[in-house]
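Two complexes follow with chain A in common, the first pairing it with chain B and the second with chain C.
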Partner chain A sequence: MLKYFVSRMLMLIPMILIISFIVFIGLEFAPADPLTAMISPDQMSSMTLEDMEAMRESLGLNAPMLVRYGRWLVNLLKGDMGFSIVTGTPITNIISNLLPSTIKLTFAALLVSTFMGLLFGILSAIKSNSAIDYISSVLGVIGISMPEFFIGILALLAFAIRLRWFPAQGRTDVGLGAFGSIKYLVLPACSLGLVLAAALMRYTRNAMLDVLNKDYVKTARAKGLPEWKVYYKHAFRNSLMPISVLICLRLPMLIGGSVVIEQVFGYAGIGSRLLTAINAGDYQLVLVIVLLLSIVSLLASVFIDLLTALLDPRVRLGGDIGGAK
Partner chain B sequence: MATALVTKQKRIKKSSLAKRNLQKLLNNKLAVLGLFIVVTMILLCIAAPLLTPYDPGKISLFERDSAPGGEHIFGTDKLGRDVFARILYGGRISILIGLSGALGGMILGVVIGSLCGFFGGILDAIFVKVAELVSIVPQLLLVLILSTIIGPGVPNLIYVFIFTGWVATFRLVRGRFFSLREESFVEACRAFGIGSLSIAFKHILPNCLGPVAVQLTLNTAGFILQEAALSFLGLGVPTGVPTWGNIMNAAKEIITITESPWLWIPTGVAIALFVLGVNFFGDGLRDVLDPSQL
Partner chain C sequence: MNKQDYILSIKDLKTQFKVGKRIVKAVDGVTLDVRRGKTLGLVGESGCGKSVTAHSIMQLLPKAATIVDGEIQFRPKDKPEFNILKYKRTDKKLRSMRGKQISMIFQDPMSSLNPVYRVGDQIVENIRQHENISKKQAIKKTVDMLKMLSIPMAEERIKDYPHQFSGGMKQRVMIAMGLISDPELLIADEPTTALDVTIQAQILDLMRHMQDQLGFTIIIITHNMGIVADMADDIAVMYMGKIMEYGTKEDIFLRPSHPYTKALLKSVPVLGNGGNERLEPIRGNTPDPSEMPEGCSFMPRCDMATEACNKAAPNVDIGGGHMVRCWHSKGGAPHE
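On to the complex of A and B.
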């Protein structure tokens, strides 16, 4: 298990390096002076052209690209991400204020969709061809066919504006405490999670039906196990592998979707900041946000991978990893 | 009567796999319904000039924000443009973007996937890594960056979709190739002295096309949804061009959501309906082509 864990973690490093290098190249080609992104605007305004040139030399902006990439990376790791070229605020501040809200939103959406998707997927597999199966199949295919923002707008209109159950403009959750922030989170998280829930439900149903037709399920039944034990221990546990693969594949879509949903609900997260930055041409900020969101989705999928591995005795007991895949 | 039956049976026996599959597809009610929705909507969009006398871009300031009914079936928007006309003309562009993006991505994915799957080696290793990278960066973000770098516009959006959409097809085709290239019919081809490229594209590839077709429907649906999301954010197609996403763009303001629902509800329903049709058809196609994965 430890060996598997370590190897998965080690594999992350080259991936993150490559993504950060691509982002760095993007920065290089962005039509903006890197100097403005590296020093604070107050300092900038009091400088002459010669000062700037000297600054450039001392900051190493005239060094070869790979050297600059190395320095940029070291700075990133130290938490110094430079300055937004439009507002002049340090990017680290922007990120540390907004990234937690977005992670909270995405995580809530992931929880909602996993719970609903697994529940209805399993129910419709167990009671296949029953009313619940048909209803959830139809709802599932409608769910994956609706644009996320359309679901969001409909939810906003119905539950926030007409019924007034939730605030219409879910600003942020800063300083509201755990319970105060939940009501701002419910609608965005549910609308974001609904699409994934629908996809997951369809997939879980198929994976469960697949396993339920296997011989070992027949054996389990034949030896007189209670039905719930057959479903839980034999069918569900074995269909978990393909399900977690699907969740990993869909995670980047969930994080991308959070950008859209934050816009619909006016939720103050990193996604809505990203849009403002794009519209303002704030390349430094845009690329750093993209880098961070990609790393978040990478980490999250490794996490889910490890969680699945924990449930798989072949991996947990230190067996051959290649065989388990 | 009896002879008719015999000839009918003979015909069934003689019929090719493709014909049998077509028959199976036509027996699948949901697939037929999906195909019907898709074809009808495409025809409606093509026949837009016959169905509405209005120009989707024509601004008429006397008829701003009028509710549905009367001359305008779905009312007009803030600039007095007819919403029904905009949905029809917008559908042309949205469907064009979705279909051509998916087709382009499919071709790219099939070519790279077959080459990698057949030859393996360093080429394969490189593209597997590239595919992994493309799929780890959230696709919407990738599209966002690319469209900010190369600028908005219909062709640019299609290029971006092609660039991000080949991965799934690539994985499918590569995976199938890996198992198929060990089959004995490939050995037989080699024994006959058929060239490698010919074996890859003429003999192995046709065996992979079923899942590829299903993937094509998935991608078309996905791209239409993504175009809508991007244009809704104001980052997809320039606002002057009517697309489904651009029409929905107005629904960013609460006042539009509550006061003029005719602006966004019919458009949202149009998107959902078309994607639903594509998904129904895709599901049916999968059931027909791959009975094991029911």
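On to the complex of A and C.
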């Protein structure tokens, strides 16, 4: 088992390399010229073509692509992510400043959506075809079909501008206690989590209904177990396997969603920084952030395998051969 | 016979399914007595309602089904008798009955055990639901029971998961789970249908052996005439939600009186009974259960059908508790 996971982790290395290469090539073809991003138009107009060429040469921009890729990779392995060519700050600083708040946002959204999705999903499975099932299924369809930025804007209008319960924009970690900074987290996390919650709810409902029809649920009842134990111990425990896979699969989408949501709420995080970096042609920064996000996605997929094995003895112990021991 | 000699008396049980807008009468007035300590075989074709009858006793029916009428009187040994249908499906009284006084084992052992829990834990769960004993004692009890059911290396195997057991072994585990709390009645719903023939015989032997040792009553549900001949003391033949004929094994096999029973016996091959004899299938098909014929439900396929059969047939005792639901049985000839 351990061997399997070590090999699974080692497999990530070539995958990350391939992704980094593809991203690098992609940005190579982007029309942005790093020089125009670095130098203000005023300065640029006073430079001669030779000056610019010399500058390119000194920045190493004229080397062949593969050489530049190799250089970048080696520096990255040394822990040097390079500098933002627009602001001149080390990318390491930008990441370490912004990544924690995006992680915080993503996990808050994950928490919200898991809690709501499971709760309403299980309820509507247990009480299938009842009022609560119909209501949550209508809300679920609405949730799935609305993009998160729209939900975000609605939430902003209702709870921040009309009701003034939460601040409309920004993020503060400095000078505020834990509770003070949570205020800034509520709206973005809820709007981000709602879409996933809706999908999760529908999925949980179906997974539960599927399991509730299984014979072993009947066996559990035939033992005389109370209903809550039948639902919790026997039904939910088995539907947890497909549900946990969905949650892990959706994790990268959550991060993708945070790019947009951070923009809506002016929440300073890695997502909104990615957008500004793309707009400014800050290709070094884009490269690092995209690579980071894809590593998270890859880790999520390994995590799914690990979780499935933990939850399902048939996967963990292998071999569905009867009697084999 | 004394009332106490019957562990279970079903009276006019009616269970219906709602399929879309139609109503299917799966069990349509079953009346049945089960003798204490004996084995009752409930036979019939697929879809005749035998399994629904069994699930009605446990009140383990699917959501679409409702018991609309009848009573099921259960008479535990040292406790007052009660009508199972008086209680709600989730009532505490029924929960303390299920798995303790009445146990049930199902058709498919492959899917009847929860795949994510160890086999031992699943049996222990049953014990601890009904008895206040320590986990250690419960495990010991489990191991003893598995040994009784000749599962090799029981101490080790309780730590295994269901997928590490073969089909026959899984059914033994299910039987162990059913018998662990020393029930008075074991309902076996097609316990061997999903197993191959050699394993079938082992499982049936095992059930009989355990019955001799522990003295519980068995209701065995099957479509296999051979199994009933092998296992049962009494037999009830079911067709379209009704009991057509009920009697001792001898009554049914030696003196079959209902045309359906006769036809059923003729359609079963008997080993060593002439090599080239043709089997006689029952002509026609079972009618759509939502459009049951008026009168006798077997009439459309019956060779003996007459005008009288357009009215529901009476249930007649033709001697010694041998009950036949037919106008043409002895004494059941159109009277009134």
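Here is the rule we use: the second predicted complex is superposed on the first by the 240 of 325 C-alpha atoms of A that agree within 3 Å, B and C clash if a C-alpha of one lies under 4 Å from a C-alpha of the other, contacts with A are read in each partner's own complex, and residues count from 1 in each chain.
Going forward, contacts are C-beta pairs under 8 Å (C-beta built on N, C-alpha and C of every residue); 3 or more make two chains touch, one makes a residue touch a chain.
Values in this document were obtained by computation on a predicted structure and should not be read as measured data.
Colleague: Which partner does A:N238 contact after superposing on A: first (chain B), second (chain C), both, neither?
Modeller: second
Colleague: In the superposed arrangement, which partner chain does A:L311 touch: chain B (first), chain C (second), both, or neither?
Modeller: Touch status of A:L311: second partner only.
Colleague: Going by the contact rule set out at the top, does A:I161 touch chain B (first), chain C (second), both, or neither?
Modeller: In the superposition, A:I161 touches chain B alone.
Colleague: Determine, for the superposed model, which of the two partners chain B and chain C contacts more residues of chain A.
Modeller: It is B that touches the greater number of chain A residues.
Colleague: Is A:G26 touching the first partner chain B, the second partner chain C, both, or neither of them?
Modeller: So A:G26 only meets chain B here.
Colleague: Quick one: classify A:V260 as touching chain B (first), chain C (second), both or neither.
Modeller: Once the two structures are laid over each other on A, A:V260 reaches chain B alone.
Colleague: Quick check for you: in the superposed arrangement, does A:D282 touch first (chain B), second (chain C), both or neither?
Modeller: Neither partner.
Colleague: Between chain B (first) and chain C (second), which, if any, makes contact with A:R221: first, second, both or neither?
Modeller: After superposition on chain A, A:R221 lies in contact with chain C alone.
Colleague: Which part of chain A faces chain C closely enough to touch in the complex?
Modeller: 128, 214-216, 218-227, 234, 237-238, 311-314, 317, 319-320, 322-325
Colleague: Residues of chain B touching chain A in their complex?
Modeller: 129, 132-133, 135-141, 144-145, 148-149, 221, 225, 228-229, 232-235, 248, 251-252, 254, 257-258, 261, 264, 268, 271-273, 275-276, 279-280, 283, 293-294
Colleague: Which of the residues in chain C end up touching chain A in this complex?
Modeller: 58, 60, 63, 90, 94-100, 103-104, 106, 108, 111-116, 125-126, 129-130, 157, 160-161, 163-167, 169, 174, 177
Colleague: Touching chain B in the complex: which residues of chain A?
Modeller: Result: residues 15, 18-19, 22, 26, 29, 141-142, 144-150, 153-154, 156-157, 161, 168-169, 206, 209, 249, 252-253, 255-257, 259-260, 263-264, 274-275, 278-279, 286-287, 290, 293-294, 297-298, 301 of chain A touch chain B.
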